[in-house]
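Common to both upcoming complexes is chain A, partnered first by chain B, then by chain C.
After this line comes the complex of A and B, so read on.
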C-alpha cells in the first residue's frame, strides 16, 4: 500500500508540473463537447418554406401565419405561378412548399374537411421525415380551433412522449458525447503516462523495486481517476447549461456510474500501454479505441436494435453501451442506483477485466 | 576489497544459466560466482548477453534454464526477495525529469518503504553522493549528465542494498564525471557492497577486481585482469609500426612466426606463436621481405588484446 501512495504522489507531482497536459485533460473534453454538441444535431429549425395561396382569404392567410409563427418554418417565397414551384425546389431555395387550394375558406366555413398540399425536398430522407412531422404538428394546431366535423369512426391517438417531450435530439445525443469524451480522456491519460515511463526508462527502475504490479497500476490509476471524474462532471455541467440536459436522478448514482465507467477507460489505457512503445502510437490507439466502439457500437447514434445480429452480440462487450443505458436512465428518467445495477455490474466486470489483464501483461517476465 | 571478504561464500552464484527468446539464445549456459565486496565487470559488445544476464539476476526476467542465487535467494523462485536486496542503475539514469531532486529521492524511498529517521538519514546520504546538497529543489531535467548519474546512483542505494547492479552506468557522461563515478564505486566496494557492472569501455573494465568477458551469450573468459592477460604469457605480443599498417598486417598474417594480428590505431599487434621467437627474427624477416618498418617492440598485453583473443577463440571453437 505504501507503494501505491508513493506512485500516486509522484504521479500527482508530475501532473502538477506538467500544467499543459493537465489543461489538455480538463479542457479538451469541454472543447469536444462544444464542437460535437453543436455539430451533431438532428433537430431541424428554420425550414425554408414557399407558399402558393390560391384562396387568398382570411382563413388561408391565418394558416400561412401559423407556419410562419412556428420556430420550424421561415417563409422565403410567395408563389404566383405553378412553374415557380419546381424552380424553387430545384434551386434548393425552399425545402417545403405549401399549396392552399381555392375554396379553402369556403369549405372551412361549411365545417367540411379540406386538403392542403405539401411538397417536400426528399434528398435527405431523415430531414424530410422530420419536416413532415413539423408540418403535421403545425396543421393539427392550426385546425384545432376550426371545428371541422370529425368523422365519428376515426380513432384519435393522443400521444405523449416521455423523458424528452419535445423529442430534442440533444437529449439523446449528449449522453453519447459524454461517453465518447470521457472515454478518450480516460484511455489517453493512463496509456500516455505509462508509455512515457517506458520511453524515459523509469519503468525499468520501478520493475527493479519490490513493488507489486497491482500496486503500481493502482498508484497510476487513482490520480487519473480523480482528474477524469472532474473532467467528466465538467462536461456534464456544461451539457446541462448549454444543451438543456436535465438531471432527474440523484448525483450519487451518477457519480458511481461515471466513476466505474471511467475505471474501465483507465484500464483500457493501461492495456494500450502494455502494447504501445511510443506515446504517438499510444495516442493513436487510444483515440481509435475510444472512437470506434463508442460511436458505432454503443447506441450513441445508431440504435443497437437495428444492427445486424452479429454486431448486436459484439456490442455486449462495449462498455459505453452499458454506460449510456445507465447515464440516460439517471439523467433522463431519474432512476436510482437499484435500477441501474445491471449495467453498473457490466461496467464493473469490464473494469476488473481490463485492469487485471494489464496487470498480468505488465508483470510478465 | 579485503582479503577476508574474498574468503566468504559467494554473494552471487550462477549455475548453467540460460535465457532464450524464441530461437535466439541471449544467454547460453553461463556459470560464475561473485564474492562479497567485489567489483565484478561484465565486458562484451552490444548483444553479448550482459544486460540479459543482469536482468535475470535482478529477478526481472525468469531464467529459461539453470539457476542463480543472489544473496542466497533464488532469482527464479523469489524475484521479489531479490529486488529488496539489490540496487539497480542503468545508463538511462531513470530519474523523473519533472520532479525535483528531493522529490525523486522521496519517490524511490517510498517504493522501498523507507520512513522516519531512516528516510532522513538515507535522503542525506543520497544528496551527499550526488553532491546535490543545497540543490534539493532543482528539477532533475536541469541537471547535467554527471549530476544525474550520481543522483540516480544515490537513489539506487537508498535502501542500503548489499549488492549493486550497474548496467553501462557511464554512458553519455564526460570523462571527469566518469572518473569521479568510479571513485564512488571503489568506496562502495571498500565498504562491503558487491558491485556488478556491465561496460564496453575497456578502461572501466580494467578497474574491476575480476572481469567476465561475454560473447554471443557465452561466458568467454573470467578472471582478474592479471589472470586474463596471462593467456599471453607464452605468446608475446609485438607492436609493429610502419607506413602501411594494413599491408603490414596482411604480410604478418602469412608469416609462419605469427599466430594472428590485429590493428591498434596505426600500429599492428602481432601475436607470436611461441615465446621462443626472438624479436630480431621477425625484424629480419620483415627487412628481408622489403617491408618498410619503423619499429618492432614487445608490448604488455592490453585488455583489448585479451578481449579480441577471447572472442576470436570462441569463434573458432564455434566453427570447429
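After this line comes the complex of A and C, so read on.
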C-alpha cells in the first residue's frame, strides 16, 4: 500500500511539472463538448433548394411556396436554363432541385396524376435520405391541400419518440463523446507514462526498487484514474447545464460504470506501453487500438446493426460498445444498476484482463 | 544545397528503418482504417430491430406487418408482443422501434361507407436520434405505400403528385462512396502531421538538435530535409488508398488522376507544415503528440465535413471551417471521385491549399529560427 502511494505521488509530481499535458487532459474534453454540443449534428435544416418552374402558373407557384414555407428548405436559386442545373449541383450550391413540368396546372385541374422532378445531390447518402424524407413530407401535405377526395379509409401514423422526443442529435452524441474522450485520455496517459521511463532509462531504477509489479501498476494508474474520472464528470455536468442532457438514473450507478470503463482504458494503455519501446510507437498504437474502435465500432456515430455481420462480431470485444449501452441507459433512459449488470460485467472482465495481462508482461521482464 | 538536403533525408530514412514497428504501423494503420471506414462507417439504416404489437389480428394488420418484415430496413425481433412489454423492450435496447396496431384497424378498412382514419402507433427509442429519425421516415413510408395499395383496391388513383427522383453523384445512396474518398484526406493528415510533429522535438529531447544546429544546414534545408521523407511516405499511402478504394471498394472514380495529384501536393505541404509547426512549439514528445492530436487533428477532422455536414453547423462555426485545409481537400477528393469535376471548378480549393501550406511552413521555419 505504501509502495502504491509512493509511485502515485511520484507520478503526480511528474504530471504537475508538465502543465500543458495536464491542461490538455483536463480541458480538452470540455472543448470537445462545446464542439459537439454546438457545432456538430445530423439535424438537417435549411436545405438549399433550386427551383425550375416551367409551368409558371398559380398552382406551380403554390407548390414552390409550400417548399419555401417549410422549415426545412431555403430556396437559393431560380433556374432559367437547363445548364444552370449541372452548375448548381457541381458547385454544391444547391442540395436539391425541384423541376415543375409544363402543363402542371392543367393536369392538376383535370385530376390527372402529374410528375414533378426532384434532383438530389447524393454525395452524402445520409443527408440525401433525410432530405428525401422532407420532400415526401412537403408533397404529401401539398397533395392533401389539393383536396383530393379519397374514397377509401386510410391508415395514419402517430409516432412517439421516447427518451429524446425532439430527436436532438446532441443528446445522442454527448454520451458517445464521453466514451470517446475518456478512452483517449485514459489510454494515452498510461501508455506514455511507462514508455517515457523506458526511453529515459529510469525504468531500471524502478525495477530495483522494493515494490511489487502490481503496486507499481496501481500507483501508475491511480492518478490518471482520478484525472480521467474528474474530466468525465466535468463533461457530464457541463452537458447537463448547457445542453439539457437529462440525468434520469442515479449517480452511484453512473460513477461505477464510468470508473470501470476508465480502468479498462488505463489498462489498455499499460498493455500498449509494455510492448512499445518509444513514445511515438506507443502513441500510434494506442490511437489505433483506442481511437478507431471507439469512433467506428462502438455505436457512437455509426449504428452497429447496419454493419456487415463479421464486424458486428468484432464489436463484441470493443468495451466502448458496452459503456455506451450502459451510459445511454443510465443517463437517457434512467435504468438502474440491476439493468446495466450485463454491460457492466463485460466492462469489468475487460478491465481485469488488460490490467492482469500488463502486470504479467511487466513482471516477466 | 541539394546534397545537404539529400544527406539529411537519408538520415531520416535510416532512423525510420531502425524502428520497424513504426514503419509497420505506417503501413498497417492506413489499411485497418480504410477497411473499418469502408465497412463500418455507414449511416445507412438497415435491419433496425423492431417489435410488433398486433392487437388487431386481422388480414389487414398482418398485411401491414408483412410490409415491415419484407423491408430491408427492418428486422422484426418479436411479434405478438404484449403492449406492456414495449417499455422494457425499448429501454433494454432489444428493439429500437415498436409498431402498435390498435384493434379495429381491419374492420375500419373493410367496413365501407364513409372513409375513416385509423392511426397505428410507432414508438421509437430516440437515444440514437439520427438512426431513429431515418427509421421513422422509412416506417411512415411503408404505411404510406400500404395506403396506396388500399386506394388502388378501391379503384382510386394513387397520390396525384408523384415524385420522379434522380440522385446525382451517388445514385444508389451508398454511404461508402462518400466515406472512402474522405479517408484519403483524413489518413494523409493523421499520418504525415503525426510523424512530422515528432521531427524536431525528438532531436531536442535526445539532445541531438544541438549537433544539427552546428552543421552548415540552414533552417530551410533542415525543415525540407525533415519533411520530404514523410511527404514521400504520405504520397505512397495516398496511392495505396486510391487503389484500394477503386479496386476493392469499387468507389466510382469519375475525374482525372492529375487533378488529384495537383491537389495532393499542396495538401501535403499543409499537413507536414502543421506537424512541423507543432514540433517547434513543443518541449517534449508527449506534448507534441497531445497538442497535435487534440488541438489540431481532431477539431480539424470533425469540423471539416468528413462525417458531419458543414451546412448543419451554426453560421459562425461555418466561417471557422474556412481555416481548415482538410475542408478544401475533401471538396477536391469527393469532387474528383464522385462528380468528375476538374480544376476549372476546383481551382479555388487548390489555391487555398497552396496559401495555407505556404503560410504554415513559413511560420514553422520562422519559429524554429528563434530557438536560439
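Convention: the second predicted complex is superposed on the first by the 253 of 365 C-alpha atoms of A that agree within 3 Å, B and C clash if a C-alpha of one lies under 4 Å from a C-alpha of the other, contacts with A are read in each partner's own complex, and residues count from 1 in each chain.
We adopt the following convention: contacts are C-beta pairs under 8 Å (C-beta built on N, C-alpha and C of every residue); 3 or more make two chains touch, one makes a residue touch a chain.
Since the structure is predicted, the reported quantities are computational estimates derived from the model, not experimental observations.
Asker: Figure out whether A:284 sits in contact with chain B (first) or chain C (second), or with both, or with neither.
Answerer: Only chain C; A:284 stays clear of chain B.
Asker: Would you sort A:202 into first (chain B), second (chain C), both or neither based on which partner it touches?
Answerer: first
Asker: More residues of chain A in touch with chain C or with chain B?
Answerer: C
Asker: Which holds for A:18: it touches chain B only (first), chain C only (second), both, or neither?
Answerer: In the superposition, A:18 contacts both chain B and chain C.
Asker: Output check: A:91 vs chain B and chain C. Expected answer is one of first, second, both, neither. What do you get?
Answerer: second
Asker: After the superposition on A, what does A:124 contact: first (chain B), second (chain C), both or neither?
Answerer: second
Asker: If you stack the two complexes on chain A, which partner ends up touching A:329: first (chain B), second (chain C), both, or neither?
Answerer: second
Asker: Tell me the contact category for A:9 with respect to chain B and chain C: first, second, both or neither.
Answerer: The first partner, chain B, only.
Asker: Which chain A residues lie in the overlap of the chain B contact set and the chain C contact set?
Answerer: 18
Asker: Chain A touches which residues of chain C in the complex?
Answerer: Touching chain A: residues 19, 21-22, 25, 28-29, 32-33, 36-37, 39-49, 64, 75, 90-93, 105, 108-109, 111, 115-134, 136-137, 139-141, 143-144, 146-147, 150-151, 153-154, 156-171, 173-175, 177-178, 190, 194, 198, 202, 284-287, 289-291, 293-295, 298-299, 302-303, 307-309, 311-314, 317, 331, 334-335, 338-339, 341, 345 of chain C.
Asker: What part of chain A is in contact with chain B in the complex they form?
Answerer: 2-3, 5-7, 9-10, 13-14, 17-18, 200-202, 204-212, 365
Asker: Tell me, which parts of chain A touch chain C in their complex?
Answerer: Contacts found on chain A: 18, 20-21, 24-25, 28, 31-32, 35-36, 38-46, 48, 63, 89-92, 95, 108, 111-130, 132-133, 135-136, 139-140, 142-143, 146, 148, 150-165, 167-169, 171-172, 184, 188, 192, 196, 276-281, 283-285, 287-288, 292, 296-297, 299, 301-303, 305-308, 311, 325, 328-329, 332-333, 335, 339.
Asker: Which part of chain B faces chain A closely enough to touch in the complex?
Answerer: 58, 60-62, 79-80, 83-84, 86, 88-90, 92-99, 103, 106-113, 139, 155-156
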